[in-house]
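By letter and in written order, the chains are A, B and C; residue numbering begins at 1 in each of them.
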Amino acid sequence: MTQIILNGLFVGSFYALIALGYSMVYGIIKLLNFAHGDIFMFGAYIGMTCLTVIPGIGSLGIGAIAIVLLISALLTGATGVLIETLAYRPLRSAPRLSVLITAVGMSFLLEYGVRQIWGPDPQPWPQAGRLTEAANWPAGLQWGAQRIDILGGSLTGAQLVLMALAVVLMAVLALYIGKTREGRAMRAIALDKRAATLMGINVNATISRVFFIGSALAGVAGVMHGAYYSSITFLMGFLLGLKAFTAAVIGGIGNLYGAMLGGLTLGLLEAFGTAWFGGEWKDVFAFVFLIAFLTLRPTGILGERVVERM
Amino acid sequence: MSLPMIDPSALLTTHPEAVPRPETLLEVKNLRLAFGGVVAVDGLNMNVHRGEIVSVIGPNGAGKTSAFNCITGFYRPDSGEIAFMGKSIIRTRPSKITRMGMARTFQNLRLFSDMSILDNVRTGAHAHLRQHWFDAFLHTPAYRKTERACEEDARYWLDFVGFTGDTLLYVTQLPYGEQRRVEIARALATNPKLLLLDEPAAGLNHTEKRGLVDLIRRVRDLDIAVVLIEHDMGLVMDISERIIVLNYGKEIADGAPDDIRANPLVIEAYLGAGDDEEPADGADQASADPGQPLPPAPPSLPEASATADRSDGGEARR
Amino acid sequence: MESLKTYFSGQRGVYHGIAIAVVVAVFALPFITIDAYTIQLATQALIYVLLALGLNVVVGYAGLLDLGYVAFYAVGAYTSGILTTRLGWPMWATIPAVVAACVLAGVVIGGPTLRLRSDYLAIVTLGFGEIIRVTAQNLSITGGPSGIFGIPTWSFGSWSFNDGLTVGGLFFNGKILLYYFVAIVVMVLGLIGIPRLANGRLGRAWRAVRDDEDAAEAMGVNTYTTKITAYIIGAVWAGLAGQLNASLITTISPTSFQFLQSALVLMAVVIGGMGSVPGVVLGALFITLAPELLRDVWENRSLMFGILLLAVMLFRPKGLWPATSILPWSRDKHRAKVDTKPAQARAEEV
């Protein structure tokens, strides 16, 4: 039981990190960014490439992963900004359908662009960047590759580190959105873009910033995924992106805490579903929950009641 | 007035006179609507009687469009009662209300942009057009008959509003004034007993406004009551038989144009707070209500607010 | 003769002229070649045309983004496949079951989601596509990962397409008969049926909902039932296409119903022109034939399609053959009657 909960929370923290990007973008420009899951995948590929290309990085052990995380976050963030500027911005006043289709096209471009460069087969994550390898953990931190007992269940140290990282990132993001000038601008645009413009907020710059942060988080999640699961494919963003979106909806789309809560909830639901119904149905649960939530409570757990307009 | 000799009612399956019309078409009692903490409509009472022309006026943010949206079913009021032809229409879908005989136009022209003018107006006949999709699929005689009637009906209304151009054009190819006309024709094609016009004169030039006054009178002559929200006081005073003045979501006056002109409360509402200087919470109200222009746009700049409102307002509503 | 010339230079006439040419070409194909590969490919292309025209109802007319359209294709294929192989039903008898299964699936998916903003539909349909695939993979009745094989062709009584048919001394084999059968179904259901639906009361309501949902509602159009009708009609069309495909390829497995397939059909609709029948037909032919014809130069077709999709959306959002296109020579006639002064300038005159 505890083990199921722990597994669920671990997977859920991935969902939450990706869901944040979905939710932020949706909150600010009401766009369902289909390419978001693929940014996650792209982040993993960037990470993998860095680990193979940068000379001497293999000897750094756990430090290598930290460096790669940073590079990957910056590059995916930039990719997100680029996508927004080139593909979404010109269509900002176009019908919603056009923008959605463009997002699907972008997702395709990322998936098959990556396939073009790195090939269609799953890629092994370099040994030096694997969190599960005991050799990568410096002396004194050997617990990182071992299992640690928690309340009758157990997680590996790597899992704990990743969860902690996710929590830290989310806390920083919450502070940024809640306390800073830029965060306030984001919230203002989410509420009323036109009024925000009139108040002198640079809407384009703020939207770019949102894309940067959301994509960077997805990139981080991509590297974490690679470092933990040791194998990446060009299609891995599709399913994970879908689930992250489900998480965002469950939590209440457009709401940051909702995305975090939704991610963990979905992780738990999936863990229990797998335990009870078998692993082959794992991918179906998320969508069944999605449909159930949209039917029963479309605003999600934390979503506010919107003024009812028929 | 040169109209073709077609009686529109003869073409329709449900004859408009088949249902006896009560003297009071619309009754609004204690209507209240709040967006979050901002009260847009605050205990509104108003009646519309058969065959009259009523104007609803008030400073920007007075809740006129919000009230319209409640009456036509687009917003769900927090409390209050709305009865149309003696039946409550609270919690009724807008389409159902339209079928009952209440048609409306929008403040910011909302025609179907990728459809021809004729198709736009034909869509208005949707509710009373008895046509099964299977008939359309097979092109049965029933389909041909209904479709022909529907087209003649649409052409009648286009003639009625004085549209003379090519009906197969896309509406976006039309100039603004013509689009307004088409929108009114489209609303009339729903075969209404009550027509609500939200700022129909906005953006029209002097000649077009005169045409509009004439058109509204001719609509009334068909025994269709007309309620309009309008900022052009000259037009309002000219055409209205009764004027209802709103401020802060309440009606502050209700009477004949001459009484309204002399009413001290009305003068205060317009001059005291100032038409151009928005009252503090009036501004909030406008931002909460996508139907209201923001910033308070003078009626002479409709296109700018129209396009902007269309994208943002529509988004908020969906 | 003169009136005929006038007719075929009008907007309607040109479309009818093109339609006649296409019909002649489709029927002439087996007389040009009876190469099995060509006939198979042509049949497949026609099925895709039907599929794309069905999706066009959902996306092009009703403006709903369906990203799991292939799920209904799968429902149709599996329903007919299971009933014919496990219960021994003849193919034609499974049509009501296919229709019923698609309607049911459409109601289950569309019912709750169509009440919400349209982008939720996109993601739910995406999820639905995955559910159907995973379900097909894990159930024993659907044959699991290996799928169903040996699906029979169409038979009527004791005669089936595979028996062939001799007409006027010409022998038509099973493949060619199936090709003709598919061609007729596609033309009746897709090329004649769907435009007819789109021009009637229901079709106007679809387009009205697509252009402005609130205004449609104000015109007495119940937007919810209108959307769900479009969704279900799209579902049934896909199901029938799936059934045709099952009888063509005789083997179906979960791998033939991946998201990629849905995306390809969507591309056919978008690249051709949403809501435009000739555009969608061209789009469908393009996505089926281009990878075959350009197999050597075009290795990573998905990447190309992705780029093409983006380019179309950014530079020609109404597609290559837009639904609102007016022939060049009738355009001048139209323009002459319009006051082209921009509305902004007019507004400022006031």
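Just so it is clear, a residue touches a chain if its C-beta (ideal position, glycine included) is under 8 Å from a C-beta of that chain, and two chains touch if they have at least 3 such contacts.
Keep in mind the model is a prediction, meaning the values are calculated, not measured.
The central chain here, found by comparing per-chain C-alpha centres with the mean of all protein C-alpha atoms, is C. Of all chain pairs, the one linked by the largest number of contacting C-beta pairs is B-C. Using the mean of the Cα atoms as each chain's centre, the chain most removed from subunit A is B. With each centre defined as the average position of its C-alpha atoms, the distance from subunit A to subunit B rounds to 46 Å. Distance between chain centres (mean CA atoms), subunit B to subunit C: 39 Å.
Centre to centre, using the average C-alpha position, subunit A and subunit C are separated by 34 Å.
Residue positions 118, 210, 217 of subunit C each touch two or more of the other chains. Shared contact sites, meaning residues of subunit A that touch two or more other chains, fall at 30, 96, 310.
Within subunit B, contacts with two or more other chains are made by residues 73-74, 93-94, 317. Per the touch definition, subunit A reaches subunit C in the complex via residues 30-32, 34, 87, 90-91, 94-98, 100-102, 104-109, 111-113, 115-116, 238-239, 242, 245-246, 249, 280-281, 283-284, 286-288, 290-291, 294-295, 298, 310.
Looking at the complex, you find that subunit C touches subunit B at residues 117-118, 193, 196-197, 199-205, 207-208, 210-223, 229, 275, 323-324, 334, 337-341, 343-344, 346-350.
Contact residues of subunit B toward subunit C in the complex are 72-74, 93-96, 98-99, 103-104, 106, 110-115, 119, 122-124, 126-129, 131, 133, 135-137, 139, 143, 146-147, 150, 165-166, 168-170, 173-179, 186-187, 190, 203-206, 300-304, 314, 317-318.
The touching residues of subunit C, counted against subunit A in their complex, run 59, 63, 65, 67, 109, 112-113, 115-116, 118-120, 122-124, 126-128, 130-131, 134-135, 137-138, 210, 217, 259, 263, 266, 270, 274, 300, 302-303, 305-307, 309-310, 313-314, 317.
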